[in-house]
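What follows is a pair of complexes built around subunit A, which joins subunit B in one and subunit C in the other.
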Partner chain A sequence: MKITFVQAVMLILRRDLIFDIRNRQRLWIIFLFAILNTFVFSFALELQHILRREVVVGVFWTTILFASLLGFERQGSEGSRQRMSQAIKLAPLPRLAIFYGQLLANWLITLCLLLFTVLLQSGLFNARLWHMDFWLASLLGSLGLVTIGTTLTTMFSHISVRVGVMSVLLIPLILPILLTCVRFTLATQSELPVRNEWVALLVLQDIILLILTSWLYPHLIDE
Partner chain B sequence: MKRSERMKAQSPPLREHGLTWLAIVVLGVGFAMALFYAETDQQGHVQRLFYIHMPSFFGALLAFSITVYASLRYLRSRDVKWDRLAVVGVEVGLLLALINLVTGAIWARPIWATWWNWDPRLTWDAIMILTYAAYGVLRGAIENVETRRRFAAVYGILAIFTAIMTLIIIRIRPDTMHPAVIGPSAQEARGSFDASPTMQITLLVNLLGWALLLPIVLMRWRYRLQQMSERLEQLRQQWFEA
Partner chain C sequence: MIRQILGKGRRAPLSVASENDGLQEDVGRTQPSATDALPLIRLQQLTKRFGWIPALQDVSCELHGGQIVAILGANGSGKSTLLKLCAGLLRPSEGNIQVAGWQLPKEAAQVRAHIGYAGHEIFLDESFTIQENLSFFAHCYGSAGKLRVDHSLGRLGLAKFAELAVRQLSRGRQQLVDIARATLHGPELLLLDEPLNHLDVVAEDVVVQMMKDARDSGSLILWVTHESSRVAAIADRVLLLHAGRLVVDEAGQVAETDWPATLKATLCQEMMNRSA
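For the complex of A and B:
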């Protein structure tokens, strides 16, 4: 039976989501870390009423970055997931379908993390994070984050000395997107109209990264 | 390693020495012109750093572009020489990018009254350097040689994203303090100057030295060194096996 590209993508997406829901380890780590990180920042910066509004955006994006980083690290080091990926490579599926399936699964999980963190930090810091432009920044920013994360996770399973390597590889590549997201989100917090240049910059970065990673991914998995 | 390659590795050809001497002469002349020939503007002598600062960035960009080209060739052919060239490109590019960053900071101290600020161009430059430094970490973390080369090629291509963004960011972001050399600077830019004919000639000579000859010469020598160290490793393994 021949399946289409979209069907193949959906198949991989379904497989990854089912694996994460059944395994639960990665989800636990991500969401628990988001709570802990919020608490740590709250205590470390002694967030008071006025300071909160100014730093909440930074705290929010730092939480997303580090929680995702832990998730990618976990994803790349799970033995059962690696065995499953080895098996998937043998399946007659287009290489790009595997990549897009994994990317979509990671994006969905990151969006859930975003929603969870917004609820958490809106409540704890009494911040105004529910804004249409804010969600646009989150969607575009998280897409860039998972594009790089998914690519590097594929590499990560082959790395022998793993401690700290994922952070060193991912953070410099993700910093430009993080920087743009923070500035864009800050703009949404103020009363001034949001400048289109932030949206354009995020879209440009996402497009460059998607093109590059889509082209490079087959080289990563074909030995 | 083939016999012809071995011979090449043992004795550097004359043109390699010729190119090296040419680079030394051009860099020396460029340096002298920057100090004694080019005029300065209201910024004073610190403005002369510009003749190293800007060309070294383009030298880094050339080296990183060679990494991309070599990585692409490696992914297609799996020939080790392209991987070698990709590594060399990153190392030389990193050195030139650091020279660019340090000279920029020294210039900024009297002009912007600070060594560093979080200006978009400066921030992207720092991100670019960190990304290429991570390239070395990636290579060191993978034991399987073939996998290491393949993944490093992928990362080397991905990393050019930061170099491109460093180059174009002052055109996208109007709030930058960094002056543009080609075309009009942003409204908030501080430290711009109008280049007089002597400045333009000095800049051209330094561009030839720092942005073209120096990266090529450094890469050639580093490439030969890499070849020799690989040969040494091969001999060591043979000796242990015997």
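For the complex of A and C:
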């Protein structure tokens, strides 16, 4: 009875989510960072409402980027998760199913972080964050972020200098998608209609990242 | 239940355990003879280096199913590296590894379902219960079924601890659960790296019996150990590694003469015990 690709993805996704919920350390780190970052910026930027709306985009994506980076670094350094990953490597599961399972688990956690941050910042910054276009930008941007993050976590899972290396590599790699997200979400804060080019650019970047990482991941996991 | 790996005639036979044969996994397997079957493992001039440091050098041998092969050697002699290479966890720097005719690591996907590996580290999630861990891996190997997990737990005397989290267990019990994980799918090639460490006498006997049962059902067990006293009683073949080189294979054919006197004495004693 061979396990199907979708079953394998769901198996890894379920395991990763249960692991994160039970161990909690990673979730604590990213949500605590989101709270602290939001409050620090909220007190630091005592600006007028109009200006706040524009600043909040930068604060929002800074919060998501660095909270996620902390989460990926924590994920890569968890001994129990790494040992389990070795056993999963030995199992006859399609490599891409392992990747997509981990990717989906990371994406779901990032989406929870997005929702949490939106709740915090929409109140404190009086910004228009409950906007359909804003959520579209967040979904597409976070997909790109976790695609790179999941790949780098696998790549550096056995390197002890991971903390520095992850930041050095992730930030330049995520920069194009991050800048697109910032411009897109900034456009959602104005009264003008959002141009479709931003959506197309984000979708294109996500597709390129998914294709590249899907090709790269099987090579990374096997040494 | 026997299945020939189809498509390429050179492949050695491997059986595939299914959900139904979970409780009678040893029944019906053919036992490959050392003379007429293709080797389950063929190592050809296998070399592994970590950076510039050679861990394994120029190792060649052929191993058949239905045997327990003990791998002896001092610390750092390359025993664990050899096992990880056979499991597909490491890539060789030079040379070839074939498992049932499939080249590793290039064709590893074809043989993963037939390999069980239990190493020094416990490959389990400590926050999951024993039952959850084993169920997860049973699903991974496509051999889902509570019966199979229960059978495995019962065989290793772990049934009453099934609902405990792995982190609540002693190191010895964690090791037993890891062995249960490695053997859950009834692998043809079982790679055990010092499986008797941390175990009490009763558990040692249980694991040894499990190894013998696996051998009798046609599996090949590569057993890395320092327990020379056990080797004589259990192993069908002995490989001795020294400084990454295979210095003695089976009947004591010495490939190099500069290996330490202590190892030589140990092996000679084992050989005498075996012949007696």
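Methods note: the second predicted complex is superposed on the first by the 215 of 223 C-alpha atoms of A that agree within 3 Å, B and C clash if a C-alpha of one lies under 4 Å from a C-alpha of the other, contacts with A are read in each partner's own complex, and residues count from 1 in each chain.
Note that a contact is a pair of C-beta atoms (placed from the backbone, for glycine too) under 8 Å apart; a residue touches a chain by one contact, two chains touch by 3 or more.
Predicted model only: the values in this text are computed from it and were never measured.
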{"item": "Which superposed partner A:Leu175 touches (first subunit B, second subunit C, both, neither)", "value": "first"}
{"item": "Which superposed partner A:Asn23 touches (first subunit B, second subunit C, both, neither)", "value": "second"}
{"item": "First (subunit B), second (subunit C), both or neither touched by A:Ala44", "value": "neither"}
{"item": "First (subunit B), second (subunit C), both or neither touched by A:Met132", "value": "neither"}
{"item": "Partner chain(s) touched by A:Pro92 [first = subunit B, second = subunit C, both, neither]", "value": "second"}
{"item": "Which superposed partner A:Leu212 touches (first subunit B, second subunit C, both, neither)", "value": "first"}
{"item": "On subunit A, the residue positions that both subunit B and subunit C contact, one per complex", "value": "223"}
{"item": "Footprint of subunit A on subunit B - complex, ascending", "value": "75, 123-124, 127, 130-131, 133-134, 137-138, 140-144, 146-147, 150-151, 153-155, 157-159, 161-162, 164-165, 172-174"}
{"item": "Residues of subunit A that touch subunit B when the two form their complex", "value": "148, 151, 155, 158-162, 165, 168-169, 171-173, 175-176, 179, 197, 200-201, 205, 208-209, 212-213, 216, 219-220, 223"}
{"item": "Touching residues on subunit A, where the partner in the complex is subunit C", "value": "1-3, 7-8, 11, 15, 18-19, 22-23, 80-81, 83-84, 86-93, 222-223"}
{"item": "Touching residues on subunit C, where the partner in the complex is subunit A", "value": "18-19, 87-91, 105, 108-109, 112-113, 115, 117, 121-128, 136-137, 139-144, 181"}
